[in-house]
Amino acid sequence: MLSGFDFSVITASLPFIREGLLFSVKLTVIAMTGGIIFGTLLAMARLANLGPLSLAATWYVNLMRSIPLLMVILWFFLVIPLITGTPIGAENSAIVTFTAFEAAYYSEIMRAGIQSIPKGQVWAGYAIGMNYWQTMGNVVLPQAFRNMLPILLTQTIILFQDTSLVYAIGAKDLLKAAEIAGKNYNRPVEMYVFAAIIYFVICFGLSYIVKRLQQRIAIIR
Amino acid sequence: MAMIEIKSISKWFGQFQALKECTTQVDKGEVVVVCGPSGSGKSTLIKCVNALEPIQQGEIIVDGIRVNDPKTDLPKLRSLVGMVFQHFELFPHMTVLDNVSLGQVKVLGRKPDEAAENSKKLLHRVGLSHHAHKHPGQLSGGQQQRVAIARALAMNPICMLFDEPTSALDPEMINEVLDVMVELAQEGMTMMVVTHEMGFAKKVAHRVIFMDAGAIVEDDKKEEFFGSPRSERAQQFLSKILHH
Amino acid sequence: MAMIEIKSISKWFGQFQALKECTTQVDKGEVVVVCGPSGSGKSTLIKCVNALEPIQQGEIIVDGIRVNDPKTDLPKLRSLVGMVFQHFELFPHMTVLDNVSLGQVKVLGRKPDEAAENSKKLLHRVGLSHHAHKHPGQLSGGQQQRVAIARALAMNPICMLFDEPTSALDPEMINEVLDVMVELAQEGMTMMVVTHEMGFAKKVAHRVIFMDAGAIVEDDKKEEFFGSPRSERAQQFLSKILHH
Amino acid sequence: MNYHWNWGIFFEQIKGGDETYLDWLITGFGWTVSVSLSAWVIALLLGFLVGTIRTAPSPWLVRLGTAYVELFRNVPLLVQMFLWFFVVPELLPRDLALWVKQDMPAKEFITATVCLGLFTSARIAEQVRAGIGSLPRGQSMAGLAMGFTLAQTYRYVILPMAFRIVIPPLTSEFMNIFKNSSVAFAIGVLELTFQARQMQEDSEQGIETYLAVTVLYFACAFIANRVMAFIEKRTQVPGYITSAK
Amino acid sequence: PAAAQELTGTMKKIKDSGAITMGIREASYPLSYLDDKQQPIGYHIDVCNKIVDAIKAQLKLPALKVQHQPVTSQNRIPLVTNGTVDIECGSTTNNEARQRQVAFGLTTFVTNVRMTVKKASGIKSLSELGGKPVATTTGTTSVQLMRAHEKGKGIDFKEVYGKDHADSFLLLETDRAVAFVMDDNLLAGLISTSKAPNDYAIVGEVLNVEPIAIMLRKEDTQFKKAVDDTIRGLMKSGELEKLYAKWFMSPIPPKNVNMNFPMSDLLKQLIKSPADAPAEAYNKKS
């Protein structure tokens, strides 16, 4: 069967795949940026003693982390139109869902990052007269972010792979594009192998960057 | 004239009482050394002075401002009180110069240029002009602690708190930090210093406070303390610490 | 009779030469103190003695065994050499008793009961009989270091290496550890001790080695070292360290 | 939304059979749990093995471990599942391939379990390596200095503490494995997601179906979390601060 | 006259928003799928485009925007009911269970559920499948149909599942299954694009007759009338048969192969007398 590999399907469907890949990348970048920002706020809410707000943040994070992403994608897609009154389209829905979902994971990472900063650093910030937000913004978060950069990127690699789940609501990412091409030409094996290679190259490239970054950071400390 | 007044303060961590009715005061220009066994509450006491730890009873007044008053602008108060920590607590992601400038820009609202100018002067004063553009991780412990002192001085504090500033240092580096502190004391800075360096205490302290189990056990003129401490606990402590 | 012979050893970490042609020896029953500025290679030197760090040149012979011979049974050799670390390095997930017994059971092949019996004796000796069932995290630094000494002694070592055993301790606790070490020395244990506690050196050392930048700069009888160190670097170091 | 709700659907008989939809979901849940737990065992064993190898003194072992991790974590699970099922057997000798494809008992289950186990083991290996790396270097020195061999040092000193340190990320991974097991439907394991698709297609009560399935997955993750919290509590070292909570 | 009537439901929504959302499938060959440029094409897409043209004319909305929303068999019904999709142009079977949630246009295609095998196996009937692995696609109901069929009674099938039709066909192709049970038009499409189309045959009993139709929201008479009128027109004018010939009897993208799938008698009859009855009406005996 492998000898019967027909790689002409790949060349024929390249434009298709490129579009899917672009969407995967776009979704990853937006969800990462939004997720880290929202996740950091969640982490801060959890760590500060804010009563109901901390509790709500904790619940949100635990709930999101306990439901398969696939289900979250479906629910958001079905429920958002009921809230907003108008359908927002599969791609927008995917962006909202991924940002909200990944925020829960990023928030756990940022929480660990913030907790990894010695308490003395916060005291030192306060001691020169900075307030909570200044201390967070200038002292704690920049360090937490640096410390956690490798883990944040690892999570982003997972996020990139997870974009394949948007097939459930009909958005076309890299894997979906490959699958459709595979179906139209009835050559699924070729397309899956091809997708595996693309994913590997991109994710491996990213984790290589992670390693290099880790070394760069190690010099500063 | 009292710069820091500590009036019968108590503090609990959950069930555990870390400070028990402590009362003392530090006058303007006075240098007070605080010593005592580990866990006796020394660090806690001085952290209460600039409200890094809240207190549950009593009151603390710094330069006429009630620290534990909900209406007090704590950031402002803290900028008036310089603080130096045992583990330096420099910001490792910034250069030495930025460490010293940060508070001036963010808290005092100085222009970045102006702040940098001033920071360089201070770094020169602690003997580190050549290291302004390094990161803290590239300096020795003694050098880091001198940067930390410069950072505190950059806010033009009216008094300084030190929490075991030399105990994380290699023996060789202790003196380079103590020298800076002696100089500060001789210039008339009001200082409250937690330390076990009795040499420093003998040289510049006006008074020595000895703490044990959260309480202030002795609060004497330096000469009296080293002459004949009243409590047995302090005698015992001194004998252990001076022995080697 | 030489227990530890160090013959012209050199060691590199990548490009960086941490030890430069170091030669010395420790006789049976002798106590040798190693001192010198931070980064001078003291820790590296004693880690080479039980092959925790490999060397690239020269040779080390412990009790007649060539340490850097590929055929040497390193675990066996190491069990003959007790070692105590600056940060204690007790195993946090085991009780104090298990910490002391583990090596006896797994390396010496003693029965668990027998090992526990022996461990209790050793804990008694370092004054910690009452803490046998606690975990290391529940003890003070001084207590942890005494457990570490008991753990090393449990293997019946023929000599002991100490790497700054007191420098992570609160001043009050230093003596409780030094006292145990003094006792060991007086019982005739062969010891190689990296420390800045000159009081200890004056009291029990036979010889003092002074290192700087990876080289052994002085290797003198105690009296000569404290009397008049030959090198300027050592004089300078001593003056800084003894001053406060 | 003019949706026709029917919460009684779970108890309705399925056309042409004597089961109810609830029976389907229960079977599916059983398979989900079996796949996840079996894969978890594989993932833990291999994860700790590979993670340990990656801290070994031999550069070749380290490279081997790194290659393993990179291979299994850089391709999405769904794609791996497919490759294991459709491509790997084609690389085997003809007779063996035929056996694997037709006669091997529980072939979908085994493929899914192995695939999920290896995928998860790569992530656990990363965490274990980080856990070992976060221990003070002095700890392994202390073990060696007592005369332990390297293996003994790992067994008695390094791994027990590394395990405790990685419990929080392991908890997430344990929760994830239940969620990730849903991908097994792609090769025809009759697990929860599979049954959900089947049920929604058959009954046309999609919302009820997905709600039930969401709740079941949530329950798995929640129980996994509690189990790990229990283990974390049981293995806590007195006087030693690992993670709070 | 239509203009005088007040608009309701989907027609009002289309008029107000100036847009209509068409639900499309990605690989329901050749009813509704994507070509190389990611554009939806297929028999049902053509039918829907005719409907859209008619609505444009009726509502006097020459600039009517047509949006495409890909749907799957899992989410197509919720998407129609929650208003995301106005008209689903896929390959949805009209049956009673679905009629509880949605409405269907006039039946525009009929498929028979049958099986495909490798010719070399010599299998001709359900009754020969005892103890053999049979492939179907997750989320379809073929297994129940096999069990329910008289020839299938008492036979022990070993079901294996693909997550979509291409995977299921791969199960057959790689000898993991000896037969693949599915809608015959889909089977014909898969065979025509396979590596060796001559190796496969569609054989055996018809397990079910399924009317396929365009899906709409329920209780939306104005819109359903617009849809049905258009379809009826296409049927009367013979245009529908031309569309059928275009997609089923001539080479089609992307591979330019001809499915050669002649129109079934039932569909011919339905073109003469259009109806929107559910599948159950055609399968009374089982």
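Each chain carries a letter (A, B, C, D and E) given by its place in the written order, and its residues are counted from 1.
Convention: a contact is a pair of C-beta atoms (placed from the backbone, for glycine too) under 8 Å apart; a residue touches a chain by one contact, two chains touch by 3 or more.
The shown structure was predicted, so the numbers you read here are calculated from the model rather than taken from an experiment.
Any chain that touches subunit C and also touches subunit E is listed here: D. The set of chains touching subunit A and also touching subunit C is given as B, D. Look at the CA centroids: the one farthest from the centroid of subunit C belongs to E. Chain centres defined as mean CA positions place A nearest to the mean of all protein CA atoms. With each centre defined as the average position of its C-alpha atoms, the distance from subunit B to subunit E rounds to 80 Å. Taking the mean of the C-alpha atoms as each chain's centre, subunit B and subunit D sit 52 Å apart. Chain geometry summary: the mean Cα position of subunit A and that of subunit B are 44 Å apart.
The distance from the centre of subunit C to the centre of subunit D, with each centre set as the mean of the Cα atoms, comes to 46 Å. Counting partner chains per residue, subunit E shows two or more touched chains at residues 74-75, 78, 82-83, 167, 170, 174.
For subunit C, the set of residues touching two or more other chains is empty. Subunit D has residues 1, 82, 86, 90, 207 in contact with two or more other chains. Of all possible chain pairings, those that touch are A-B, A-D, A-E, B-C, C-D, D-E.
Within the complex, the subunit A residues that touch subunit D are 1-2, 63, 65-71, 74-75, 78, 82, 108, 154, 157, 161-162, 164, 175, 188-189, 192-193, 195-196, 199-200, 203-204, 207. By the touch criterion given at the top, residues 47, 50, 52, 74-83, 85, 87, 89-93, 102-103, 106-108, 135, 137, 151-152, 154-155 of subunit B touch subunit A in their complex. The part of subunit D that touches subunit C in the complex is made up of residues 136, 138-139, 141-149, 152, 156-157, 160-161, 164, 235, 237-241. On the subunit E side of its complex with subunit A, the touching residues are 21, 26-27, 29, 33-38, 67, 69-72, 74-75, 78-79, 82-84, 164-167, 169-170, 173-174, 190, 193-195, 254-255. The residues of subunit D lying in touch with subunit E in their complex are 1-4, 6, 14-17, 82, 86, 89-90, 98, 101-102, 108, 185-188, 190, 194, 197-198, 200-204, 206-207.
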